[in-house]
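Think of it as A, B and C in the order they're written, each chain with its own count starting at 1.
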Amino acid sequence: MQKYLIRKIKDKIVYAVCLICVIIAIIPLGSILFEVIKNGLPALNSDFFTKGPGPIGESGGGIANSIQGTLILIGLTSLIGIPIGIMSGIYLAEHGNNQFGRIVRLTNNVLMQFPSIVIGIFAYLVIVLPIGSFSPLAGAIALAIIMVPIITRTTEESLKLVPNTLREASMALGIRRWRTTVSIVLVSAKSGVITGIMLSIARVAGETAPLIMTILGSQWFFSGLTEPMDALTLRIWRLSLLPYEYAHTMGWGAALVLIILVLSLNVSARILTRSRYRVKV
Amino acid sequence: MDNELISLGSKAGSQQKYGRTYKIEIENLSAWFGTKQVLKDINMKIRANAITAIIGPSGCGKSTLIRCLNRMHELVPSAKVSGKVFLDGIDIYSKNVDPVVVRRKVGMVFQKPNPFPTMSIYDNVAAGLKLNGIRDRKVLDKLVRRSLEQAWLWDEVKDDLDKPGSSLSGGQQQRLCIARALAVEPEVLLLDEPTSALDPIAASKIEQLIVSLKRDYTIVIVTHNMQQAARVADYTAFLYLGKLIEYDETSRIFSNPKEELTENYIAGRFG
Amino acid sequence: MSPDDVFKYILGFISGIVVLTLFLMVLELFRYSLPVLSLKFIFGINWNPVVGSEEYGILPYILGTLVTSAIAIFVGVPISLGIAIYLSEMAPNFIRTILSFVIELLAAVPSVIYGLWGLFIFRFWVRDFIEVPLSKHLAFIPIFQGEPFGLDILTAGLILAIMIIPTVSSVSREVLMAVPDSQREAAYSLGATKWEVIRLGVLSYAKSGIVGAAILGLGRAIGETMAVTMVIGNAIGPAALPTSLFKAGQTMASLIANEFNEADPTSLHPNALIGVGLILFVLALTINLLAQLLIWRILKIKEGAVE
């Protein structure tokens, strides 16, 4: 009886501990959202969205060049990463049941959790050093290496959800395998693929480390593929290191812009495929 | 009177002394998954120290019925139960009865052998004992050995007690599960198609084992194999579409069923 | 060759690009770090990039990485496991859906924003609620010595703990949910309470997968850069040796982030930093492969499993 009571109490304690774990995990998220909004809102004004930064130490100016840089990076990265990601996802889902497919899959899984700063160094070595200058292209290549595994995985997973009967039906009509893959299978898996793309864009938009040694950061707007460029994440970091109150406010403002971008991509991606399947990044 | 079920004192052997003829009495038992009713108003009395078989075509609710006897049915999120199940005269569904205590008294063996694969053979059998606070190595050794002997497994595994349970053959795994269930000294043993995943030789060994156990336990076995029911059971219940069609001594059910439905099923005309 | 084969080979070639990239990455990192690679590089503690008296020893940063990651694991994994257990074994369906969503959002917050929050908010929580009490009462223990400041190894480790929670908890949850119900039933039928069912039937079965999830978290913690860079205090040389939790430190990743743009290309400084990258690469690769192996074994995913 005594022992059973202890077992019951232990049961309740474990339940409470698990619940506390959940609460502990939610507190940082709540605090981050609260602080970013509270400290970031005062920074927002029309200059903030239309001008580049003023001279260091003087308040005023904005982060328009950083927003532009982030958008350019997203564009360039998508241009490289999306086709490669989708195509290797198709390969793995439709023809990847062999040793080579397994190696590709493993590599993608490893890269998905890989230190992004190492990827940055790699892009520095193969792009920045040979062309002799920091470049948005190098940044995009580094980010594409982060993007491809995410898109590959989500594409593969959503293609595999397409029932085989659909493939067979199409091929029974005399349509070739590759046409079937492109116009039947891929089209039916559309929303899963789009989800993967959105999640991967959210992920690369928030990357900082690989940009340090590829695009460097800049006070100016985009001025060519062989010039340094700015990005929101880099700007947040640099602003946070400055010893000025105004810089910190601008940093929070930039963080607010970034978090809205990233979270809205995430939320809409998950709403798009809610309950159909889960995507893990 | 609920105290008897709530308490957890050692009651080894009490099942023999118990004078009651009926160990379990089921009254107006109905069960649902979501809105689908799988058991319809079941009434039956299960005798102590006897083997009662529940037969019927698949989907007739026979598994659900025995899972209602140790309150395992309610573990499925959408599951619902109404009615009463008396164990030694106490309704196990009454508010102040704890399902954990019920399950401790009513052991269960499942269709597919499910030993804890990462635990050794010894730890598998000792798992339930440890839950009940038995830590003394000597006592554990004795009880583990006794349970394995009862399950006819001791001679085969006595030198490999620290090997993982998953290393055994299918039939051995099932006997390990029986030993694990017996170790906590239950009063009732529920067997849910215990031989359906086994080869005929292993199955026959388990059948003989079950018969040998009825001296000490009240046994309820679900089976889709009518020969098995005829071989091992003292009483047989025929379930069809969630209803108890007929329940009688096994010999009578098989030789002279009252219901046409039972007769048809036994003759293999459906199912 | 039929058009189908052409299509297949083109796709196969393109999907091979990532393999090539990883291969090229290790080659390039190795090539550039060759001039500095030596035992002295790995076990040295001095760091001096001034041309003429150059000396590059990265032991303090290796240790800094290991210590901060260890804090992250010790704090983050139990919390993640609690979350995973709650989500897989206890929570009602609708709470499970909402909570998984919230925890996925936690994973989506960019590292630099964790850093910003760490630098201006979290660091004061750590200082006031953890470090000050600890240094008041337990200062006789070496690792709790020093003036609590909040920009130090402990804060870095704790922010890493927060950051690995989404990864570790969602992978462990998946592992727990892959445990067959027959295991839970076996424990229930022995008269186990909920917690005993989880312990006997679920956790013991899922052990190796949970270890895999933890190792995956370790991989993330080791490579995490920005948040750590912003809160660890960025010490250099012998001062960066993690002798106390309340001291400024440096990890391999934060060192690269801090110094890469200031390195004189004519010196060995860039090579040394690339060498740090190489060590990080090897560490991350090993850890990731190990984690994948353990997780896949339990999830029994046929395709993609390492054989």
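Keep in mind that, in the parts below, a residue touches a chain if its C-beta (ideal position, glycine included) is under 8 Å from a C-beta of that chain, and two chains touch if they have at least 3 such contacts.
As the structure is a computational prediction, the values presented were derived from the model and not from experiment.
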| query | Mapping chain-to-chain touches, which pattern fits: line, ring, star, complete or other? | reply | complete
| message | Contact counts by the stated rule: is the higher one at B-C or A-B? | response | B-C
| query | Taking each chain's centre as the average of its Cα atoms, which chain lies closest to the overall Cα centroid? | reply | C
| query | Roughly how far is chain A from chain C, going centre to centre by Cα mean, in whole Å? | reply | 18
| note | chain B to chain C, mean C-alpha position gap in Å, rounds to 48
| chain A to chain B: how many Å between their CA centres? | 53
| Which residue numbers or ranges of chain B touch two or more of the other chains? | 101, 131-132
| task | For chain A, write out the residues touching at least two other chains, lowest number first. | result | 7
| request: Give me the residues of chain C that touch two or more other chains. | output: 193, 196
| remark: Within the complex, chain C is touched by chain B residues 70, 72, 75, 77, 100-105, 107-110, 112, 114-119, 127-128, 131-132, 177, 180-181, 184
| said: Quick check on the complex: what are the chain C residues that touch chain B? | reply: 93, 180, 182-193, 196, 200-201, 204-205, 207
| request: Going by the contact rule at the top, pick out the chain A residues touching chain B in the complex. | output: 1, 3-4, 7
| task | Would you pull the chain C residues touching chain A in the complex into a rising list? | result | 3-4, 7-8, 10-12, 14-19, 21-22, 24-25, 28-29, 32, 78-83, 85-86, 90, 99, 101-117, 119-122, 162, 165, 167, 169-171, 174, 193-196, 198, 216, 219-220, 222-226, 229-230, 253, 256-257, 260-261, 273-274, 277, 280-281, 284-285, 288-289, 291-292, 303-307
| task | State the interface residues of chain A toward chain C in the complex, per the touch definition above. | result | 7-8, 10-11, 14-15, 17-22, 24-26, 28-29, 31-32, 35-36, 39, 83-84, 87-88, 90-92, 94-97, 100-111, 113-119, 121-122, 124-126, 145, 148-149, 152, 176-178, 181, 202-203, 205-209, 212-213, 216, 233, 236-237, 240, 248, 251-252, 255, 258-259, 262-263, 266-267, 270, 280-281
